[in-house]
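Okay, so here's the structure we're looking at.
Letters A, B, C, D, E and F mark the chains as written, and numbering starts fresh at 1 in each.
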């Protein structure tokens, strides 16, 4: 059993708020992250998969394939986008890093298994000081 | 003559576009950075000042003072903001990293000189792969 | 179940030594880290907490609260301090990174649980080449 | 139980290929990594060991000893070497990062136990975007 | 006048040696970098260009264009290559980081000027501890 | 003319204070950096030298020689030391990063010239947010 991790990056705008709150309530709960005019981040995404090494190639998975999947199922949907307004797989969810990490897991779990590996962890940095990890349960 | 640099960080949303262009023209010139729904970055700002060391303190400037000035004149205006919509000192300017670096220079030149030093360089990272430097002329 | 991590930093002096050893014995066991005139580090502290996401906020914990707790219970006690001489929660302990990580766990376990989360890991970097992890048992 | 990690680095050349494949087959499976003229990397190796703290020293292990072991059993064998041609413990194996991480585990497991600790993880970065982790099973 | 920098990366094998030296002489002068079986690096290349901001776009140059030029004139020639054997613009030169930085300057000077900017600096990291800078004269 | 930079690191304790000030005055001017019980840092030192490439070697200087000089004239004097109490070349000076950078320049200028290069810059990081640069005048 080996674990391999691929890093990809995306830049996006978002806002933390609830539609059923007033601006004052949102400011109280979410602070400056609730700014109605949005703010944004350079997100750093680390996708870890696990499984057995293919004896023919010495690989768990070909990293080109893993990178392609992450780009097809995640990066193209979020890079240079507004997470609240434009990301289908975040519709109806608060645009927190926690929820984003879980949604990315759900996007990747099946395509990773089709590569012959198992998704192990989503690690998502919002800044150099804050990151979230999700293991699928 | 010594140079000293202070790093501060801010997160903001922006969009590259011209009001006198159609969305198609904006997309053609600015690519995905023209997304009408915004995107964003973790900006890393390095402010370099220069001058002579104060013999009484061994300091060029007290870094607490330099940090306070950068926060008062720059960070509070841009952090968790929309650069196009909310930043007074960027009004009427294209929200490129180049223009932002120059505007930050203009915000800081006078307060730095009041600290007894001279502003030398603004270095502004938009991502780990891209940064701009401005020396005031 | 989600994990979220907050990084905080502090600068401190310390010395590795035993009072019941001579300077020669301390030098033999602890090397240059036993210097009686102290040395110091920029410590980087990563605090990981885990738990369920609050459906109302999309947060596990508000990172402002987590940051405040880390500052109140750890950073204010160690930043710009001498770990051997001035840190109440390290009194009577060898000032190794291992012991410091465990003491930080003990400082944070209860306040983190009062936030509604569970402390999962203390990761403490002494330098870019050395770090310690503690999971509470 | 505490975990402590030491980082060491090495620079090496390698090539991903199978002798029983033609150059075309190798290119097809391994892409540009199969270049017959080799390419190379700055590998970053993180070795994590675990165990109980020695009450006399406050250490799990003396990091000087851990560093010496990593250098003796790994770095001297791979640094500024060709992994395919010159590394005894990689003979007969595909020079993938996965296989290299496992071989490094096998080199270090016994000497670490002789230090009084237990090897916990080999984490090997091939680049800032790709790394492998191996836990010994 | 503004400066803008784009980072690109490449992985390559190389060897420091002179054909007119014996292996012993090469070892004496170039140390382990003279290994006849090659070694390699993850090179980090920072290309800085300077000039005036285009008032229509707010750009000095479009970073997509700058990135494309660096890839066409440099990265495609060196990435996953052997610098001594396969890089046309290094033929007949010692494969030192110094010579490589100068050769990269010569590759980029003209295409950068065709973009409407002026090449200012090539900064080339061989490792986190070593880098070379070249300003064209 | 080429520039080449070598990074070395050291850990040290220091204190910012004047003997002719009371503790209150020192606290007022130097803040928590004046703690009489010391604090410390992981300093990162970047030494840049310049000159012409030696045609026989492709080197400006052999980086092993440059590293040896930095270690002999600087690192051995400051690593795991108390800068105020134990560093001969800082005697009688305020232990600020500015003064330390200048003193390091004075230690290195002559030995670098004996290597056949010219010292160009001392860049000294006290933390990831603060650094000083000195060009010798």
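Methods note: a residue touches a chain if its C-beta (ideal position, glycine included) is under 8 Å from a C-beta of that chain, and two chains touch if they have at least 3 such contacts.
None of the values given here were measured: they were computed from a predicted structure.
K.L.:
Pick the pair from D-E, A-B or C-D whose contact list overlaps the A-D contact list by over half.
P.N.:
Checking each pair in D-E, A-B or C-D, only one repeats A-D, namely C-D.
K.L.:
Which whole number of Å gives the spacing of the CA centres of chain C and chain E?
P.N.:
The mean C-alpha positions of chain C and chain E differ by 42 Å.
K.L.:
Approximately how many whole Å separate the CA-defined centres of chain D and chain F?
P.N.:
34
K.L.:
Distance from the CA centroid of chain C to that of chain F, rounded to the nearest Å?
P.N.:
About 28 Å separates the centre of chain C from that of chain F.
K.L.:
Could you tell me which residues belong to chain E and also touch two or more other chains?
P.N.:
128
K.L.:
So which chains end up touching which?
P.N.:
Every pair of chains meeting the touch criterion: A-B, A-C, A-D, B-E, B-F, C-D, C-F, D-E, E-F.
K.L.:
Could you please specify the touching residues of chain F with respect to chain E in the complex?
P.N.:
Listed in rising order, the residues are 1-8, 48, 53, 56-60, 63-64.
K.L.:
In the complex formed with chain B, which residues of chain F make contact?
P.N.:
Contact set of chain F toward chain B: 16, 18, 29-31, 93-99, 101-102, 128-135, 137.
K.L.:
List the residues on chain D that touch chain E in their complex, please.
P.N.:
Residues of chain D touching chain E: 9, 11-14, 32-33, 35, 37-42, 79-82, 85-86, 127-128.
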